[in-house]
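Written out below as structure tokens is the structure these notes cover.
So that you can tell them apart, the chains are marked A, B and C in the order they are listed, and the count of residues begins at 1 in each.
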Amino acid sequence: MRRFLLEISAHMYKEIKYIMRDPAWLVVFSIFPYVMAAMSCLMGIASSYISPDAFSEFQRNTGSSNAMLYFLTGYGIMFPSFLVVSVASENTGAEIASGTLEQIFVSPAKRELFILFSSFPYILVAMLGLIVSYAPLLLMGISILDFLIAMTMVFIGLLPLLGLGVLASNLTIKVKEYWSAANFLQAFLTLFSGFAYPISFLPEWMRLVSHVLPTSYAVELVRKYVEAHSISYSNLYGIVLMAIAYITAGVMSFRLVEKEGERSGSIYSS
Amino acid sequence: MARELVKIYRTKKGRRKEEIRALDGVSFKAEKGEIFGLLGPNGAGKTTTVKILSTILTPDSGEAFIDGKSVLKEKEDVRKVIGVTFTVEKGFYNKLTGKENLIYFGVLRGMSFSDARRRADELLDLVGLSDDKNRLFEEYSLGMRAKLAIARTLMHDPPVLILDEPTIGLDPIAARNVRNLLAELRKEGKTILLTTHNMREAEELCDKISMIDRGRIILSGTVDELKRFVGGKIVVIDFLADIEMENAIKKDNGVSELRIECDKGNEMDIMYEALTYLRSKGARVIKAQVEEPSLEDVFVKVMRKPQVVA
Amino acid sequence: MGAYTPRKLKEALCPALISAWSEVMIYFRYRASMVIGLITTPMWVLFFVLNFNLFLPAAYRAAVQRSLMWSFIFLEMFSEAIWNLGMSLRRMKEMGIIEHVIATGSLFLTLLGRLSRIITDTVIYGFYMILFFYIALGVDISIKSPVLFIVSAMMALASCFGFSSIFSSISYGRRNVAALINILQFPVMIASGIILPAWILPPQLKIIAVASPLTYPFDLMRSAATGEPTLLDFHLEFLLSLLSATFMLLLSKKFIDRVEKKEMKGEVPGTL
């Protein structure tokens, strides 16, 4: 147990040091949801020059009368999702590129802990960034309890992304441009998760894809709570199940990396 | 100990499948407390051997043991008793300091944070990086990286060190410092497997050497045993000339060096003939002497006769 | 006259030509990125189209999607410029190349050559996006004034080059250039009428758009493609585009020369 905890601490120590050395991204992270929400609202304003009923149309399509809050809710999940999925999906590739993967492999450290806890600190940091970024909403009348519950929901929603990112990372180890998986996942999540529009707005076949994404459940969960104060337990259970499924798949897929290393040595930088 | 290690890399170039026989029955044995050198040119199979011994690469056949433990069947146990360096340019985290890198790898090997910090300080002092311990790895020069790599291998105080070309790319002073350190570690009873293509380094440091080329061990033994393989003496003549001579090596300073192997007793005759020839070609002789054969001479001779002599 | 023979001109432009060639070579080496880009571009396009459709009744969508198509192409041009050129000096420094380039006295020309990559990327993605919008969304892809479009595209490229090179020079000594670009790129694109047409911006943003040198060439391009109105009178806007493109090019030369001087004085710490 002690060994287990020490290893987790080591990975978290390393990643937190990395995060603290580059705090500029925290500023970007804090601003981005507002920039994107403003841009989406600007689309509405621009649309109102073309059609005076633009915001009524918006309310008809989304069921929400407050466009800014609607978008802020969605983008508040989008950016932490981007961060977690990017880091997790680039992790193995980055370790290969830096030549540290073989050093991890020659140590007696548990590979499963390495693969999960190299990315887990980013969930914590994403949450911290989100809390800081969205704290001004408390001044708009949102209660602290509601705020904390919403944040907890986002946190739970991010867990499956850890597994999804790790899975993507391990399936693409032979691709030299290892950041490609992150680019793909970000675009994929953006289109199918309903960050900026309801899933029902998508064509039928696209909605099927949304059902396998944890972010679509997370967005719906948080939106229902923020707008109607109701907790959708079906969404919550869906996210938890996905977390178990994706994380398990991600960890098991790391065996592919190990096997490839042992077979061909092609993933080692030396 | 390595026994009949075979490793074949199978690659695909377009539709064509290629097989590269990186190791072809490699066997050697290093005794406890000695520095064992695996000496060979680039592409000989040294790094492949190191990766197999460090349990991250599986051979196609053969077996290897470290401290009595099988690298194939007892991987976890082997990993606990080895410290390994691969390429020294990488293998660390750029945005961590030297000390932080050591702490991370130390804790990963089961040390507590406080023990890892203390040990990191000790080792950074030992390798001469105390003043730079709080600098980011990306700011380290190659020599500093090499020292840090060695420090990492010692974090958990393993009895066996496997070092893959630890002095490659280092300036002479840095390389000498690393060699002195390795000699000290041998005195402490560490068993060190060292791969290198630097013959002089191998000659200076290693108790026993195996020469490897194209995946095969071509010669093994102590330095003296290997030199006896050449048999005689070497006539060495340094000269300046415009002529190109087969077997003469042009050094960096523009001087050419001719090394002629000869039997004992014939040195003077050979030297006379060589000097007469060079003078007839207008060469200006700078130095002429008889030397004991170096490992380089051994290697060159063995390469001309590609037999496995273990 | 003897100083300007074709041969001498070619020699003088050699750094730009070789830089142009190498940038295109490098661009096509990142095949996985290109493939992923081709897959993800329609996703991003659809995301923005759907975002707009939240507000627009069906009758208005075609016209807006047409404008959006051009927005994406302009976005790609600017984005490629700011990311490629905007980080170029910093990257050259980190890779240890900048000293070699400065030694040949051709830092500005070398950066100018990098326009080849921006042009290549914009043309490829431009064609791809036009094809996507036409096939998937049935958008009208005709260009109303092709000649004006090409002229304004060249002015837009010059402005993007100038803006990005100046940014690169100013951010040269800083470590977190990527973070800065992330913060800046969307506000700049919104305020310069790249994402949304300048004429449709709210009054507060219109003021910023009028002041931004990037606005005019992109506004002209959009007007040439779709026939939408320009922010200001057409002739005035054409003149302002020409002036801003020239001004940005000359200003970027000054900034790049300043970086060269700093390097030669050793005022920027090395990375090794």
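In this text, contacts are C-beta pairs under 8 Å (C-beta built on N, C-alpha and C of every residue); 3 or more make two chains touch, one makes a residue touch a chain.
These numbers were taken from a predicted model, which means no experiment stands behind them.
Central chain assignment: A. Criterion: smallest distance from chain C-alpha mean to the mean of all protein C-alpha atoms.
Seen from the Cα centre of subunit C, the chain whose own Cα centre is farthest off is B. Separating the CA-averaged centres of subunit A and subunit B is a span of 46 Å. Taking the mean of the C-alpha atoms as each chain's centre, subunit A and subunit C sit 30 Å apart. Here the CA centre of subunit B is 51 Å from the CA centre of subunit C.
Subunit A has residues 22 in contact with two or more other chains. Residues 22, 24-25, 27-28, 31-32, 35-36, 39-40, 42-51, 53-55, 57-58, 61-62, 175-177, 179-180, 183-184, 186-188, 190-191, 196-197, 201-202 of subunit A are the ones touching subunit C in the complex. The part of subunit C that touches subunit A in the complex is made up of residues 30, 32-33, 35-37, 39-40, 43-44, 46-48, 50-57, 60, 63-64, 175-176, 179-180, 182-183, 186-187, 190, 195-197, 200-202, 205.
Listed in rising order, the residues of subunit B touching subunit A in the complex are 9-11, 47-48, 51, 54-58, 76, 79-80, 82, 84, 86-87, 89-96, 100, 103-105, 107-113, 136, 152, 164.
Residues of subunit A that touch subunit B in their complex: 3, 6-7, 9-10, 13-14, 17-18, 21-22, 98-100, 102-109, 261-265, 268-270.
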